[in-house]
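Sharing a structure here in structure tokens format.
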Amino acid sequence: SGGGSESSGEPAEPNNENTDEVGTEGEQLKIGLTVPTLGNPFFVAMSKGAEEVASKYDAEVITVSAEHDLAKQTAQIEDFITKKVDLILLSPFDSAGIAGAVAQARAAGIPVVALDGFAEGGINTVVMSDNVQAGRLAAEYLVEQLDGKGNIVIIDGPPVSAVTDRIKGFNEVISEYPDIKVIANQNGEGNREKALDVMESILTANQQIDAVFTINDEEAVGVQIAQEQAGRQDEFFIVSVDGAPSAVDLLKAGGSFAGTSAQFPNTMVIDGVALALKIIEGEEVAEEVLIPTKFITQDNVDSYEGW
Amino acid sequence: MNINPQESVQTRVSFKKRSQQIFNNLGMVIILFLLIVVMMIVAPNFTDPSNILNILRQSSITAILAAGMTLVILTGGIDLSVGSILALSGVISVMLSNAGVPVPIAMLAGVGVGYLVGAINGYFTAKPKLPSFIVTLGSMTYVRGLAFVITGGYPVVLASENFKFIGSGYILGIPTPIYVMTLVYIVMFIMLKYTMFGRHIYSVGGNEEASRLTGIKVERTLINVYSISGMLAGVAGVVMAGRLFTGQPMVGVGAELDAIAAVILGGTSFVGGFGRIQGTIIGVLIVAVLTNGMTLLNVDYYWQQVVKGLVIVIAVLLDRLRKRV
Amino acid sequence: MDSINKSFSGVQVLKNVNIELYKGEVHALMGENGAGKSTLMKIMAGVYQPDRDSGKIVYKGNEERWNNPMEARNKGISVIHQEISLSPNLSIGENILMGTKFKKNKLGLVKWNEIYETADRVLKSIGSSLNPKANVSTLSVAQQQMVEIARALSFNSEILIMDEPTASLTDKEIEKLFGIIEELKKKGVAIVYISHRMDEIFKISDRLTVLRDGNWIKSGPISETSPDNLVKLMVGRELSDLFVKERKQETIRPKDEVPALELQGISDKNLVDNVSLKLYPGEIVGLAGLVGAGRTELIRTIFGLSKLQEGRILLDGEDVQINNPIEAMKLGIAHVPESRKEQGLLPNLSVKENILMAQLPTYRKYRLLQTKRMDHDAERYIKELGVKTASKEQNVMGLSGGNQQKVVIAKWLSISPKVLLLDEPTRGVDIGAKTEIHKIICKLADQGLAVLMVSSELPEVLGVSDRILVMHEGKLRAELSREEATQEKIMYFATGEVK
Amino acid sequence: MNINPQESVQTRVSFKKRSQQIFNNLGMVIILFLLIVVMMIVAPNFTDPSNILNILRQSSITAILAAGMTLVILTGGIDLSVGSILALSGVISVMLSNAGVPVPIAMLAGVGVGYLVGAINGYFTAKPKLPSFIVTLGSMTYVRGLAFVITGGYPVVLASENFKFIGSGYILGIPTPIYVMTLVYIVMFIMLKYTMFGRHIYSVGGNEEASRLTGIKVERTLINVYSISGMLAGVAGVVMAGRLFTGQPMVGVGAELDAIAAVILGGTSFVGGFGRIQGTIIGVLIVAVLTNGMTLLNVDYYWQQVVKGLVIVIAVLLDRLRKRV
């Protein structure tokens, strides 16, 4: 099973610096957070965000990981309902698949805020990175660097919406440049290990590569390792999506890793909770809050906060 | 005068090894019971009727897979492909249903696909006598590949409300999957205990050569066993699709290991020939209660893994030690 | 059956074999290990099919062919197979009726009561009081053999094939079995009887067929042959020294001689009850008794496989503690176990390695094994014991039973023991190999080894032992010298008809 | 004069089943060879020296795991925990190295952790005779849980350049992991063939009871075998960390299945007692060549899964059929 992949966004132009001791009076606020995997730093960062929320609102936050298993995530939401949490934060592993569980939670009167990806079944709102935009940003940078022509490689990931959206945004831009040729499209399963293996083979099969797009930073690191070992670090550059700590390190080191569309997971949680509190108090909220990603390059990495 | 004076003495050396592999169910029932008592004391809301139903519903998929797995392990084999079959069956039945095929037929088609893959597994295991581990490792890989290929990797959203009923509906306030699971276990229980086929499974698992000599159609028995396992994986796939409102190519990864763990916790032996379906459901529940309780207790997710791994080993160990005394 | 051929993976194991069976006869099928007896019978029972275009099976005047055991059985052929073929996890009753159509109720479900009743009836008819609901895995080998017999008799067959039915039975049960055979004969059942025990053959059979190396050698009435003649036919040469012990008798020992092994009132937790005995160097002591008398258990106790509850074991007059086989080996005790296949052989390894496995530590140099020395020693043992093998690298499972047994014995000789414990050393071994094994045992004793030999075959016990001990229900009942021992006397003590 | 005329005949009925489980290596060598020829023709640059080195380097992790797995399967057991051990060992050695522990010692510590987990697996398998499947399924779960617990879920970035050498360095133009792999196989080959311990492994795998009666310390042999498997998983973890420049708690999921597939493709039998380490490396290479070739050909990822699953089954089948003739 693929490792990291899904992800999300940036501070929802934080509207929420605030929140005067909301929560349910008297009793401690109980929040359930379920994420697809805690094996991905992105979601770990999200859970860190949840801890911040906890101290901020004096809430209890229960964080669980679905291990890329839809059934498990459904079960976890059911357990949250049993525990009578006040709010469910759901980073869905699969937007359609989780619908049943979401509906149950809503029926039990618990607000559900989706993070980092839409979920069916009647969620109150969703806070996520604009993944299409993330793919687009990466593509635009790539096109610009290549002057609109060259051989590129795409390293895909697991078929979850966050990933497919990035690919979608990327392709939208690329398709306008007929001189940019996708010479290989393989799946790195979202992790460094597999991306490295795959890239080694792609390097062998293709003599001239001008740029590589990976769906997350872990894959990008794998690609870069393969590139350096093949001694082809000057041949092409790499762009990806995430803004993970490993990407920051690489950008600072200034190699072939050129840039990444950074997301903001902990802000995502904080915004999500803030929105939920509004919901609990009966306020209307937007159906969807898209957090734009920000393209980080070697030039502006120093001003990037990171996860 | 008794010409068999040794009738009372129990075991022979040659069977010592074998019987050491037998776990009877009682030990595990006690462990499940203790686990429930502990959870009742420490875990908030554990005894809520809704939580009990949750546990059962959450168990149902693994339970259905584990029922088929019990048969396979009884014959001394293993079926690694059930998780992948679950995905493929779910995807196919959802796609058919979305394409306008009536729900029952779409569901049957999903189950049928599982049956077919199972039959192929069984054929290669029985006829050219390939090790079931490698045959089902192969089908685990290509079946999931197929699920990806036909969906292009995307989950297929389920349109039909009727279809959802199988996974998300209620009958008399009890979730439908619990009925499916119960039915599967009743049928399997009767089949194993009161039909020729059931007895042949034990016989083949216990001594394949001897079974052949007594005229049992060993190949046919094996093919049927794997077909049933595949079919039940298909059933699980359809229920899962109805529960998740989607046909997911990547669902059920690792489900085979959960099912196998449940079967072994339930006292069925890898040697083949020893075990009972009742034990399997106990094994399923042990894991389900543990997971549910730890989530209710808000145990750190990583520590849950550590605890779960240790509990599996300790449960089997306690059961073994109990039998030593 | 006429000119039957059968090959396995290109090796022909039956070459134009003929056999004729008549109603109401006991037909002995004779031949050495691997002559093809079981294979021929499996063809008769539908387990194997003869090679294409070879021979024919004529049954009641019609040419027939059956494709599986079920078809053969439906035509009235039942078999007691040589390898015990029971499903250990099922009840006795189920095993007896397995392969037949179980009685079903209206719902199509198995009626357990009827199964158990039918099975009980069959068991009673052969004088067994086994509980049909008991699990087969709880039975001793002998009891399992009885279940096999019950299964073969559970339906009315016209041909009954018995492939070494007595290999793990003792005389008492064999008598009972012969009684049953007589009754079946009267009913007109044709019986094929395979055994390596000469005395049985001459006792019950009417006619015989001899196979050698897959070839049909001879058929004819038993009355026209003699044991010596029969052996010659089987082996293809004169075998003059059958069961003849050429050893000087040494019944009187000096008072002060120290026994190599002495047991003083030992008991174990199961069965063995206050057994004392002395075993002197150069002596072969036979240990007789019925199945389950506790002989194996006694030997296992000495070898540290079964826990000693009471009593003392002395080696060369010194008290020793033996908790496991490794300690026993260090003290110079060797043990050839009862079940060659399950306890003796290391199936995937070569003859060489089987022989030397117990002694590997002595072949180590810089942690590596010295293969040259191993080859040399293995060849020596193969030659000394006359193991017939293509090469020392041959997989041990490719050897005949007798040669496998020699390999197991060789393994134990490799540790240069002082005391050799033998448990049924010639079970299922053909007459030629048996004689050779006896010779080996005697030669070893002459060299000063103390041998304690358990055997259920009385002629063997009588033929090889210097002294004979008889066990019954865990207790030593009698000690007989070579001169005074007879089959009758041994059976008298073994059945416990003594105060 | 020959009193045992059947000496030339090889097998006995009772061992038919057993010998049917033996695959000798030759068949798989042919399949590997054919695969290579096909790839040489259709896949671009397949024969580039750099590609050959890639294939070998990519195989090295699985190969190292599979070497240990061969020993375990030879004893009739299985080790599901190797993928998790790989992760834990990698994480621990990287953390230690980052904390300033000298690289060789940090690496040894990683390997030692693997050894320890393996010894625990072996202990439970040998002493209370629990089924290895369930013991290692348990440790697979809790070991990965531990890897997550100690890292808090974050990958640990490797700082030391020296450490990276073990996974990414070159000696005489050949990647370091290839040396590690080669060394492991040479040692294992000699150990299995020319040491007492090696022969005891075959003996115990073939017939545990008889081995015990022959004076072999069965328990100790088993504990050592699992310890070695764990230790090699630790070696693989360290190499992996050096290759990925990071200690990853989630690395190596499913690696145990790849290793098992390689062992079985290589002709080692699940029954225990049959097989050779040379076969295992062939099995590893078959899968590696196939994957590499398909990637060079830019075959769709999902179809790669389908092909890989089918090839596993077909390879084993062809090998079996070949032996029939």
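Remarks
The letters A, B, C and D name the chains in turn, as written, and every chain counts its residues from 1.
The working rule: a residue touches a chain if its C-beta (ideal position, glycine included) is under 8 Å from a C-beta of that chain, and two chains touch if they have at least 3 such contacts.
On a predicted model such as this, the values are computed, not experimentally measured, just so you know.
More C-beta pairs in contact connect the chains of C-D than those of the other pair, out of C-D and A-B.
Subunit A and subunit C have CA centres that are 71 Å apart. If each chain is reduced to the centroid of its CA atoms, subunit C and subunit D end up 42 Å from each other.
One finds 35 Å separating the Cα centroids of subunit A and subunit B.
If each chain is reduced to the centroid of its CA atoms, subunit B and subunit C end up 43 Å from each other. Counting partner chains per residue, subunit A has residues 1, 38 touching two or more of them.
In subunit D, the residues that reach two or more other chains under the touch definition are 13-14, 148, 153, 209, 301.
Among all residues of subunit C, those that touch two or more other chains are 83, 342-343. Pairwise chain contacts present here: A-B, A-D, B-C, B-D, C-D [touch as defined].
Interface residues of subunit B, counted against subunit D in their complex, comprise 13-14, 17, 20-21, 80, 124, 128-131, 133-135, 137-146, 148-149, 153, 208-209, 257, 260-261, 264-265, 269-270, 300-310, 312-313, 316-317, 320-321. Taken in their complex, subunit C has these residues touching subunit D: 8-9, 11, 13, 32-36, 38, 83, 212-214, 235-237, 303, 305, 325-326, 329, 335, 337, 341-349, 353, 357-358, 360-361, 363-364, 367-369, 371, 388-390, 395, 397-400, 402-403, 411, 432-433, 436.
Residues 1-15, 18-19, 190, 194-196, 199-200, 202-203, 205-207, 209-217, 273-274 of subunit D are the ones touching subunit C in the complex.
Of all residues in subunit D, those touching subunit A in their complex are 43-46, 48, 50-51, 54, 57-58, 148, 152-155, 157, 168, 175, 240, 243-246, 248-254, 291-292, 295-298, 301. For subunit A in complex with subunit D, the touching residues are 1, 3, 37-41, 43-44, 47, 156, 184-187, 191-193, 196-198, 200-202, 204-205, 218, 221-222, 225, 229-230, 245-246, 249.
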